[in-house]
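Right after this note come the structures.
In the two assemblies presented below, subunit A is common to both, partnered first by subunit B and then by subunit C.
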Partner chain A sequence: MSGFTVERSDKDDISVLYISGFLDLHTVPKFEEAVQNLVNETHFKIIVNFQKLDYISSAGLGVFMGFIEEIREQEGDIVLCCMSDRVYKVFDLLGFPALFKIVSNEEEAMQKFNSAG
Partner chain B sequence: MSAYSDNNKNRRYGSGNQTDFEKRGLELSALFEISKTLNSSHKLNFVLDNILLVPMGRMLISRGVILFRNTENTYQIRHLKGLSKELLNQHITFQPVPDRPLLANSLNDGSAWQFFLKETKIELLIPLKGSMHFNGLLGFGKKLTGKPFSDEEIQFLSSLGNIAAQSIENITMLEKLNSANRALDQKVQELNTLFEIGRELNQIFDRPSILKQLSYSLMGQLLVNQFFVALKQNGKLRIEYRKGSKLNADKVKDCEHLCASIKEIERPLFIGNENKYPKLQALGIRLIVPMIYKNQTSGFIFLGEKLDHSPFSKTNLSFLSTLANMVIISLENSRLIQEIIEKKRLEEELNLAKTIQRQLLPAKMPAIPGYDIHGLNIPSRQVGGDYYDIISLSEDEYLFTIADVSGKGMPAALLMSNLQAGLHSLAGEHYKPEQTTARLNNLIHRNTTIEKYITFFVLILNTRSGAFTYVNAGHNPPYLFSETDGVTALEDGGIILGMMPDVVYQSGSGLIKSGECLVMFTDGVTEAANANEEEFAEGGVIDFFKSRFPLHSSEQLNTLLLEELHRFSNGDPARADDITILTIKALR
Partner chain C sequence: MEKQKTRQFKLKVASSPENLGTIREFIHDISLNAGFDSETAGQIELAVDEACTNVIKHAHKYEYDKSIDLLVLLDAQKITVTITDRGLGFDVNKVAKPDLQKYIHEAKKGGLGIHLMRSLMDEVQFEFNPGVKNQVTMVKYFKNNK
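Presenting the complex of A and B:
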């Protein structure tokens, strides 16, 4: 089994989750817990940095679906950045670009919040 | 080319060769430019824009249209400039289909397509023909100069048409290929998801985790975040998992009854505007997917709309059906495994209870001079709470007891051990049986809930004289059999132990003479039933002993009674309850 890690770094009121490794059904609970912790702490402005993520399965995308409504109701959002082509392809195939902000770098992701705020 | 220009010089342009050549040169370079532009792009709209805008700009034409052939004679409007967007996607049937440039003013037979040209003020039609499948038409309105299209202009537009048709054909082929590739990739992604959950389901056996995995896969793969899962258990449908802000617990609970009314469905059922389940529709449910296990609908997934509002596709439905069936198999397996574990646990508990009970009963009969004593206990499968004991109080005094603790299994065994410990500690205090009983009653009452109680009989025998005193706290009356005095039931006492505190018990007394026999037993004996559900009853016990007690030893009597019970109930008499018999015969 390949590993999955998630690290968090807060920048003002924006929380960035750096995920790496394999995000699939097996590792999804770990990621869900990290997002749930942010929600519990009322951190609703979330950036997920995919730079070091090697693989994502549909179930991994399920985590975003599970939280997005609650987070947007709280005037927050999840912005995704720095995906490899391989990872982006999965998001694209499943129709996520129409529902989520997906940008190429972290500054751009930050701007999404600042311009919206 | 030269022939063409020779032919046409002076005719329309009315200028010298030099100018004519320049014009031709310009046209050729324009075609070359367009060709380069068109072939550099993979975007259909960009190409279509260019095909219309370049000539419109060059020749000052105010409107243009591009049609793609759908079927033999029918064309669909795919792109337009200077015309109402409402015309887009309209179908027009051409009869006959133009196969070379056609000027509208040359026509006049009042057919529908000619009417269309008139309405839209399209004056010139150029056929578009790709080298393989593509067919279309290019249409232009009149020039702003008011002059008619010249042959050269028509020739130029035809050439443009040829280049354009090839471009369009390439791009549509590419788009088809791309969309086929994408559909294939999506299918692969679906299969990966099924493969992944299948692998994962093999490793987990608890229901909440299984449903959680279903949830991730559904949300990620289908963009649905409103759904609930209802499963049948013991014939009843229960909602076991719920996700999404629109499906709050009360509303979904409210539908449980309704969901139960959905009978067998073999494949996913759409919930549209007109349907049998308006309440589900109001809740936002759009699709019901049956979960089929061994050809039976064992549950349903109720799905709301996709987050991007797109409809469920055919491949989505087959994905859902497969996923639903995989999950139900896994849920059923987990249920079976739980059942096996539970059964194993119960069995272990029963064995433990059985061991406790056995250890509380006397290991062997004490040798009391002048008496033949035998106790027998057959525990039932569930282990009832029968107890008997013989405790030596002094050289000449023995305490005999028999009791039946309410309940079965471990709780009964624990209560019985409570009683046994209490009785043994009280036995050393030389209390009268009514005092012992009253104290035991308080002990049991304090330590148990109201539905726990014990029927209890205690007897203290002076082995020298044969005199005894006893208390019967709600137990089946023991019988004293005598050849001279007949049968005496030992009934004096009071209510069962544990019902209320501070009960005052009466005691009874008697004498057991040589050759007489005293039998104590539990309700397992009297309630042993035959095929007609008739009980062995007190009468059975009395009849049995009356005729036999002088003839046999205590052990023989007990064994014979057990055999009699076997015959009577045509099988195991201890099926339902423990059987306990304690028999005392006076020999002196």
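Presenting the complex of A and C:
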């Protein structure tokens, strides 16, 4: 009940991070590093696909808060997609839907960037 | 009248992030076996994770040789989870409801855990005696007993 993986796939100028498993204080450095790498490479259009994520605590949510302003200042964004109801409820309890784009599938997430561009 | 029996469970682990999975499994299994539905067991599990994350980060400052004690009491009405540490306490009254907009502006990564604990559980109480014993006690009632 504690493994976590993150895989990256670049589609044109959009990078998708596929996260799976359990995102908590123990595993969050791996996710933080993946986002930091994108920022270092000036990849600011980011989709995080939650389809295979089983669990998230506030330690995981903190990563989004830590990076989002810097990424938006660079005309980018982090769009979140494919969350289970259980994971969405954690974001919802903390008011994230008002500040982050959370959509149901990856295609819709891609469209958020295409329509904004 | 027959006195209600209270069941008791204990777990003591090193204050390390890698033990959060073990803590969650412990709490989740007890909650499910006690009769909470899967969604509620998940809420209790997350609230306990948040409390232990606070202990590891703030009370023990990632000193892994320190320990976290969990005590779970189960009775017919509720589950009560008490988490004890012997690290630094903090003034819980200063922890307001998080202002996400402000946090984002400051690139602040923490401060959400206590709000989640209060949202997920029916009762949350803190007692601090820094360096001696700090405790957070959280209660969740069975739906028909709330």
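Definition applied: the second predicted complex is superposed on the first by the 116 of 117 C-alpha atoms of A that agree within 3 Å, B and C clash if a C-alpha of one lies under 4 Å from a C-alpha of the other, contacts with A are read in each partner's own complex, and residues count from 1 in each chain.
Heads up, the rule we're going with is that a contact is a pair of C-beta atoms (placed from the backbone, for glycine too) under 8 Å apart; a residue touches a chain by one contact, two chains touch by 3 or more.
Only a predicted model underlies this, so the values are computations on that prediction, with no experimental measurement involved.
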Query raised in the report: Here subunit A is shared; do subunit B and subunit C fit on it together or clash?
Result: clash
Query raised in the report: Does the superposition put A:G60 against subunit B (first), subunit C (second), both, or neither?
Result: first
Report task. Based on the superposed arrangement, let me know which partner A:I68 touches: subunit B (first), subunit C (second), both, or neither? Result -> both
Report task. Determine, under the contact definition given at the top, whether A:G76 touches first (subunit B), second (subunit C), both, or neither. Result -> neither
Query raised in the report: Of the two partner chains, subunit B (first) and subunit C (second), which one does A:H26 touch, if any: first, second, both, or neither?
Result: both
Query raised in the report: Is A:L93 touching the first partner subunit B, the second partner subunit C, both, or neither of them?
Result: both
Report summary line: Re subunit B stretches 181-189, 253-261 or 433-441: the one overlapping subunit C is 181-189
Report summary line: Check: subunit A residues flagged as touching subunit B and also subunit C 24-26, 57-59, 61-63, 65-66, 68-70, 90, 93-96, 98-99
**Report entry** List of subunit B residues in touch with subunit A within their complex
**Finding:** 182, 185-186, 189-190, 192-193, 196-197, 200, 212-213, 215-221, 223-225, 243-245, 307-308, 310
**Report entry** Touching residues (chain side subunit A, partner subunit C) in the complex
**Finding:** 1-2, 22, 24-26, 55, 57-59, 61-63, 65-70, 86, 90, 93-96, 98-99
Query raised in the report: For the complex, which residues does subunit A have touching subunit B?
Result: 24-26, 28-29, 57-66, 68-70, 73, 89-90, 93-96, 98-99
Query - In the complex, subunit C residues that touch subunit A - result: 17-18, 20-22, 24-25, 28, 39, 42, 46, 49-50, 53, 56-57, 98, 100-101, 103-105, 107-110, 112-113, 115-116, 119-120
